[in-house]
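Each of the next two complexes has chain A plus one more chain, namely chain B in the first and chain C in the second.
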Partner chain A sequence: MSERARLLLTLADDELILGWRDSEWTGIAPTLEEDVAFSSIAQNEIGHARALYELAAGDLETDADSLAFDRPPGEYRCAPLVELRLVDDWAHTIARRYLYEEADRVRIEALKQSDDPQLAGLAAKIDREEVYHRMHAELWASRLRDEPRFAAAVEELWPYALGILEPAQRAELARRIGRPAEPAHAHKRGAHTPELEPLWAEMTEVRRSAPGAQW
Partner chain B sequence: MGGDDGGTAVGAGRAMVTAEAVWAAIDEIPDPEIPVVSLVDLGVIREVEVDGERVRIELTPTFLGCPALEAMRRALEEKVAQLGGKPDVEVIRDDSWSTDCITAAGREKLRAAGFAPPTPRAAGPTTLVQLESKAFRCPYCGSTETRLENIFGPTPCRSIRWCESCRQPFEQFKTI
Partner chain C sequence: MTVFEVFRQERKGQPFAHAGSVEAPDASFAETWAREQYGRRGESAALWLVPRETIHAVTDWADEFDLKYRRVDGYSIKARLKEARERAGTAAPDVG
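Showing the complex of A and B:
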């Protein structure tokens, strides 16, 4: 697999799995406004995944749905941060949204400078939409700043957030979050959490029930 | 442009498709989610190229997660086929579309239908401070005494605001 296809799948898998996790709040968020917000954010993230899979599919001579749903869970390239099932814990959910958006911003800004015009163009398009996700995350992070449960959640998820990025990009994330130098124990992508497999089973269940069907 | 392109060459099976005819036909395709505006009003058609029967159209998505994209592609293919052309619709996923691409006519149609059109893009990305400013006008009563209720709304492209003057919520197009 080419370096470009690997990168596209890494980004797409992060966005798909996080979109799936965010969608778990639909209908049960603490306020109606957050039901709408999480549903919309999830839709955007899955839309970004679709566009990234479509680019990868052109390189790998397959289609976006096959990449999203027909690989075994062990072949997904997502980072542990997005796999965690945080659905009944608002403090952790907001901490993840905040840390993910900051980490994602570091890599999107790098991708916008890419020599590959398709990658740079798509990164710039994704960035326009992410502006609103960042606003939402920052709004909540500042509202919860003095809440001990939120501070503990950020502390706990920080090593996972570092795992979103390549080692060379981690210092930039630490600077933006205002945390000291990176911990040695970043939860890197590669090894999956036990929470990925049940998510994968649910996400692919209908498609697996009728292999090859045209939907 | 010349005025005789309606004429059919002797012996040809059908009239030649022209770019003008394609643009006019696309202007009849409503946006699948907000049918008061056409795809031309939305500014999502980047290019129309006619080469014999082949009609190549470049379509840019508004938001990447918008489910209307596939419906737009199918509607374009049907329109071109009705004109006698062979459609080749290419989806361009770069950042060439922004809400500034919505035409003046499109913005007015949105406003008349109760959707506040997007504000023009500033030099930098939109900020929360801007969303909380008085730059947003209620599409019903015209008041700028409006406040942000939710950055997100019923579709990815819309936010929800509240008008203090006529005391009702309205949908505000996000600026991207």
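Showing the complex of A and C:
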């Protein structure tokens, strides 16, 4: 697999799995308005995943649905941060959104500078939507900053957040979050949490029920 | 929590029309939520968020003496128009 396809799958898997996890809040978010906003953000992330899978699918001579749903869980390249099942803990959920958006911003900024015009173009397109996600995440983070449960959640998820990024990008994330850069204990991409497999089973259940069907 | 009434302008230069409302703890949350509900799909050029409690509503109308001639809807000419059309032998214009 080319370096580019590997990178696209990494990004796509992060967005798909996080979008899936966040959509678990649909119908049970703390307020009705937040429910609508959070579900919309979750759906955007899945939309970004689709665009990334489509680009990868061209390189790998397959299609986006096959990449999203037909791989065994061990082949997904998502980071442990996005796999965690955090429903019904809102403090952890917002801490993850906030940390993920900040980490995602670091790598999207880098991708926008890419020499590959397709990658740079898609990164810029995704970034235009991420502006709203950051506004939402930062608003909640600033609101909950002095809330002990939120501070504890950020503390706990920080090593996972570092694992979203390549080692060279982690200092930039630490600077943005205002934490010392200690990348040594990052929960890195590669190993999966036990929570991925049940998610995968549910996510692919309908598609696996009718292999090869045209939907 | 405060209820913010949301007014939406579809295109620049057009009047704002009431679109709905959001319930939020303050204006920044109202903005974030209203953006998601009324602006994320290119359906709005601008939004106004107005706390409901700041709206001065007028709902009662005194018309003690039934002064129909002062009302903008004026006299009903529907029946007279129908008679005139019958006399002239023309049908009502199709406004469908």
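We adopt the following convention: the second predicted complex is superposed on the first by the 214 of 215 C-alpha atoms of A that agree within 3 Å, B and C clash if a C-alpha of one lies under 4 Å from a C-alpha of the other, contacts with A are read in each partner's own complex, and residues count from 1 in each chain.
Throughout what follows, contacts are C-beta pairs under 8 Å (C-beta built on N, C-alpha and C of every residue); 3 or more make two chains touch, one makes a residue touch a chain.
Bear in mind the structure is a predicted one, so any value in this text is a computation, not a measurement.
Asks: In the superposition on chain A, see if there is space for chain B and chain C together, and answer fit or clash.
Replies: clash
Asks: State whether A:I46 touches chain B only (first), chain C only (second), both chains, or neither.
Replies: A:I46: touches chain B, not chain C.
Asks: Could you say whether A:H185 touches chain B, chain C, both of them, or neither, answering first, second, both or neither?
Replies: Neither partner.
Asks: Comparing chain C with chain B, which touches more residues belonging to chain A?
Replies: Of chain B and chain C, more residues of chain A lie in contact with B.
Asks: First (chain B), second (chain C), both or neither: which does A:Y132 touch?
Replies: both
Asks: Touch check for A:L122: first (chain B), second (chain C), both, or neither?
Replies: Only chain B is touched by A:L122; chain C is not.
Asks: Examine A:E54 and indicate which partner it touches, taking first as chain B and second as chain C; both and neither are also allowed.
Replies: The first partner, chain B, only.
Asks: Pick out the shared contact residues on chain A: the ones touching chain B in one complex and chain C in the other.
Replies: In chain A, residues 33, 36-37, 40-41, 132, 135-136, 139 are touched by chain B and also by chain C.
Asks: Where on chain A does chain B make contact in their complex?
Replies: Chain A reaches chain B through residues 33, 36-37, 39-41, 43-48, 50-51, 54-55, 117-118, 121-122, 124-129, 131-132, 135-136, 138-139.
Asks: Which of the residues in chain C come into contact with chain A in the complex?
Replies: Residue positions touching the partner: 22-24, 28-29, 32-33, 35-37, 40.
Asks: For chain A, which residues are in contact with chain C within the complex?
Replies: Those in contact with chain C are residues 31-34, 36-37, 40-41, 132, 135-136, 139, 143.
Asks: What part of chain B is in contact with chain A in the complex they form?
Replies: Within the complex, chain B contacts chain A at residues 61, 63-66, 93-98, 125-128, 131, 149-156, 160, 174, 176.
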